[in-house]
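Remarks on the structure that follows.
By written order: A, B, C and D. Residues from 1 in each chain.
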Amino acid sequence: MISPSLVLQNTIDGVFLGLFYSLVAMGLALIFGVMDIINFAHGDLLMLAAYFVWLTSADLSVDPTVTALLLVPLFFLIGLSIHYSMIQPVLGKEPLIQIAVTVGLGLILQNIALAIFKAEPKAVAYSLFSFSYSIGPITLYASKLFIAVVSIVTLYVLNLFLNRTFLGLAMKSTADNREVAQLMGINAKRLYALTFGLGTALIALSASLWMTFGQVQPYLGTSFSLISWVIVAMGGLGGVTGVLYSGIIVGLAESLGSLFLTPSARMAVVYIVFFLVLWFRPRGLFGRR
Amino acid sequence: MRASITRGPILEILILIVILAIIPLALMGNAYYELLAATVVLFSSMVVAWNIIGGYAGQLDLGAYAYMGVGGIVTAELWMKAGIPPLLGIFVGGAVSALIAILIGIPTFRFGIKEVWYALLTAALVVIFNNISRLLMGPFDYYLPPTTGFVYLKFNSYVIVYAIAASFLIIAFLVNFFVERSKMGYYFKAIREDELAAEMVGIDTRRYKLYALLLYSFLLGVMGYIYIVIAASYSYRIFDSSASLSIAIMGIIGGLGSVEGGIISSMVLRSLGEYFRSTFGSSLPGLDLLLYGAVLILIGIFQPEGISSLINKLLKRKG
Amino acid sequence: MMVEALLETKDVVKRFGGIRAVDGVSISVERGEIVGLIGPNGAGKTTLFNCITGTYTPEEGHIFFEGKEITKLPSNKIIRLGIARTWQVVRPFKKMSVIDAITTGALLRHGKIDEAREKAREVAQFLGLPEEILKKRGDEITLMQHKLVDLARALATEPKLLLIDEVGAGLRPAELNMMIETLHKINKERGTTLVVVEHIMRLVMSISKRVIVMHEGKVIAQGKPEEVSNNPQVIQAYLGIKPV
Amino acid sequence: MGNKEKAVSTSAVIAIVVVVILVAVAGIYLATRGGAPSTTTSPTTTATTPKTASPTTQTNTTAYPSQIYIGLVEPLTGSYAVFGQEAQQAAQLIVDIINNQLGGIKSMGGAKLVLVTEDAGGTPESARLAAQKLISTYHVPIMLGAYVSRFTSAMAAVTEQNKVILMTDALVDSLTQQGWQYIFRVAPKSSAHGKAAVDFVLDMAKKTNTTIKTAVVLNEDSIFGTTVANGAVLELVSNGIEISSHITYPYDISDVTPIINQIKQLNADILISIPYFNDGVLLAKAIQASGLKFAFIAGAGACGYTDPDSIKAAGNAVLYYTNTYSYNPARPTEWNQKVVTMFEQRYGKLPTEGAGIIFYSLMTVYEALEKAGKMFPSDPLNPDHLRAAFLSLDLNDTNSIAAQLYPSGHIKFGPDGDNLYPQTAILQVQLVGGNLTPVVVWPEAQPGFSAIFPRPGWAPTK
């Protein structure tokens, strides 16, 4: 029994979820676009950040959203150190090698988390946003709304950054054409480090948002890594808008797949959509090099 | 496959066979080590099968357990539902697995999906199979009948399970061996090195990638049933993303295109993993995986061509 | 009846987005010729090569090889008919030995590994690749050797027509002279027709009997080297001034 | 691959390969026909004689082993480690109680138990390896494990073949329906959990005069979640309750709002929810945020709502939620109180289900060993003697410690190895002195408490 209002409700929720996914994938898209690095530890970094959120929020009773202020700069630094220790040596190497190194990083992060935090999921009990609005048959969850708004604002600011600042333009043009960027006199080494740092910092922001309603356990990253890559693959290198739209497509596929099929098969729906997109638009929906 | 064969590789195969034959003798009838040997050798043969597509043809396939699971489940179901003994069933299982692989491979290669996109697609495939088989089979565990016997490829003695796994390893090794020395092998490697350049020496790259996928998925499909025999039951959870990834990882650590490297890395690391599980399992959870991670990073940064090139270097220095 | 050209393109158009990279090109190459294809950066020379070898499919126009239309054939079929090419930036098979790489090319016409390897050796010898190079891996040799291996790999497919893209780039003067000799030798002794895209005028002018000049996707001149180099349109194109 | 080596023709290689394969096939065939151990019908397989750690005592049939190894295989890593690690602690506690306070197995001359633990790892193969290692290395006559059903069936492949008793703490129904000879289970199987959740709600509804007509069943889609849900659905249907919707979802779901949206439209009276950890907290939070109201929300299965971590993670959202427990930590018997106190003293936390199942399962093993020593003094550890001892047990609060630890106070095995008197306890999250605390409320409430039913703030529509 699927009523129209239920479809509308799930569509709205799917879009909200999709906006969050876009934010999660944006860091990955940036890193892949600018540096051509295939990062399979993206989700595991989100897991790590989520544990940081839990540590600060659960014990210090600070709202997860506030911890973002602390975490974003911290993860920028973590990103830099990962870049210099592991990413820089494999820049320009074969995709397989990059995958091997980042998968290795992911395994290490997962099992350190398992050793420290054990397998039980951790969540933050208190959040500013555990209520909802009702508009007719539609329920708007405050936390989802908040996440969607923050995601959109962040993506918008990022878009401005990529189009209006020298550093952003440098990143954008490197993503478009490496050689041209070299001609512009861009210091590629520093640019790559900054990009990886920025990408990682974006993950910390997503983790803070995630912890307003979600939980963290050591294997949280695995599904996020795959989802983020699906979004990047579907968005192509269409910049912020490409990621935004394909994030929404994934969110909708998941939400409507849950509704019309069963939640057990929702990921199959997402990945089948991904297969079809890649088959029929191999360059992604929004173009790719 | 009309390649002429040099004496060296024959020696290699004989050595492999002899080593594999000695292992159970060396285990002195300890059932635990026999079971461990069977598990490790089966894992190795999966890595060797992966080498065809990942090592030679250079397609980063992360879907090993999708093909293995399909083959295994088909074989088991054929036995239980239609009474077809697994001795025949494993080939049907392999064929079904290969058929599915080809049906997915045709559009995938037709639309030029490669590198990381191919990796993602195959990783997604495992999840899709997991979800769909969950819908078809429910969440339940399915048990093989207790019957044992040769036609059922099911035995009370681990040595025989081991012998079957070892013959898979030898067969997978031989397939690699013939591929490497055939036109197909040259073409696979050319595709791996530079697909456009391969096109320009007249290689139908799509067709040859399909050949690689076909061999690989068939071999894994055939192995699936023995995996189920060792695991004692099966369910949709046989479609395991991280296990699939670990097959590719062993191939990478071993060195792409190096069968010997793959065998060594998978045997050493899988045994080491089991050692860590049984020794530190309760005190240091996840230590084995943590070490995998460290090995991967170190190999990726310092030895990007895998342990096979390391071994070669050491041999050269000595020789 | 007219003598059939080896290669003929008729009004070939290839677009990228709004840009017509190849804009109605009609050229013809006779058997046994060495043709130079020149033009400033972005003139569409490499794109034309890609259209001929099937890497790109042109949106308009037709391409004939030995009178047979090959416009929409897949690359592997085109190569089988007897076209081969090299690139400006070498594309070696890095992890294969040099002899294996050349053998891969030879396998097109020799199904048996032994025969193909024999053929590969023959081609390598012809190009003067020393024996000790053959066992080395693709990532262990010099640029000049790379260029020769690329050529050998292409020649091993026994092409009737060989498309050579800026083979001189990055070579030292002595190497360049050797390369010029080698190209002459390929043309003379194997009867292979060559189309040579080149920026280095010395190379083009010294080997080509005929030169075709492209600019902004169009053929703007063709003829003997000395005629073409005096053509005002060509000079303007190279100086970046649009002809009126 | 250089061509200077002497070339050998392909046919020679193929010939060699064919010969090798033929020899291998023939070898396998001969081995299976001749010398291989046959199936379970043969009484003369290797493991039939008790091989305990003191071989010197075995020469004399009247002398008993001084030590008896008891194997434990539990998931100590991976996502089920929560249960496995607690089970390991509980097993060690019970073994110490048996050895130190009960004087070992008295009928076997005070033989002491030695606990040997293995991590089941993350896959069925590693669980099987773990079980095999315990048998090969320690010749354990009895094993416990492995919580996860597919790990348990991998273990059973080993225990059945070697005739080792497997006392399982995995709850999935089908494990005792495979015709296995040596498997036993005291704990209530999963369908009993579903049934108990419904029985509790209906019983309370009757007592409080609450009309319940419709229910929503919501379960995570693992085999455990599904079989618990099946038990609940059967019980609902047989009591004439209409099931408005039955929704399944994967336990690692990241967003439950689509499910909540669907439920919201149904206006059902009660929600029977079978969650794992993750989803339980997500659901509780989402239900709270959505303003969804039910007469009652009953959890079935031991985790998701009332375990300490979930309460910590979900906070107020899980107030008045219940779970069904295979163990009743508040059961007011002498030994139960004693064991709970000892556990708390030793490990600094209250025992939850993972520990509870091991308490009574291992204590039942103790009773069976005592019985075997009495019934078969000459060869008590013979697997078939052990099996007979298990089948002859009839334990209750007055004659055994094990029964005192079990919610129903009654343990007797049916021919399939399942306990004929299964019972679960219902725990409810209540506010005790301002703190969210799990309290036993059913079948008998713990002293000073009672079930809070229906949910405060709920008003019947119309």
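Convention: a residue touches a chain if its C-beta (ideal position, glycine included) is under 8 Å from a C-beta of that chain, and two chains touch if they have at least 3 such contacts.
Computed from a predicted structure; not experimentally measured.
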Shared interface partners, meaning chains that touch subunit C and subunit D: B
By mean Cα position, the chain sitting nearest the middle: B
Where subunit A and subunit B are represented by their mean Cα positions, the distance between them in whole Å: 32
Whole-Å separation of chain centres (CA-atom averages), subunit A against subunit D: 38
Rounded Å distance between subunit A and subunit C, as computed from the means of their C-alpha atoms: 46
Residues of subunit A whose C-beta touches two or more other chains: 114, 262, 264, 266-267
Multi-partner residues of subunit D (each touching 2 or more other chains): 1, 3, 77, 81, 85, 221
Set of subunit C residues in contact with two or more other chains: 100, 114
Subunit A-touching residues of subunit B, taken from the complex the two chains share: 60, 107-108, 110-113, 115-117, 119-121, 123-125, 127-128, 130-132, 134-135, 241-242, 245, 249, 252-253, 256, 284-287, 289-290, 292-297, 299-301, 304
In the complex, subunit D residues that touch subunit B: 1, 3, 5-10, 12-13, 16-17, 20-21, 24, 27-29, 31-33, 36-40, 76-77, 81, 85, 88, 117-119, 121, 123-126, 128-130, 132-133, 135-137, 149-150, 153-154, 156-157, 160-161, 172, 174, 178-179, 221-223, 225-226
Touching residues (chain side subunit A, partner subunit D) in the complex: 1, 3, 5-6, 9-10, 13-14, 17, 58, 114, 118-126, 129-132, 134, 137, 139, 141-144, 213-215, 217, 219, 223, 254-255, 258-259, 262-264, 266-267
Subunit D partner contacts - residues on subunit B that touch it in the complex: 1-8, 10, 13-14, 17, 30-33, 35-36, 39, 134, 138-141, 143, 146-150, 155-157, 159-160, 163-164, 167, 170, 174, 181, 227, 230-233, 235, 237, 240, 243, 274, 277-278, 281-282, 285-286
Partner subunit A, residues of subunit D touching it in the complex: 77-82, 85, 221, 247-250, 252-255, 257-259, 261-262, 264-265, 277-278, 281-282, 285-286, 288-291, 309, 312-317
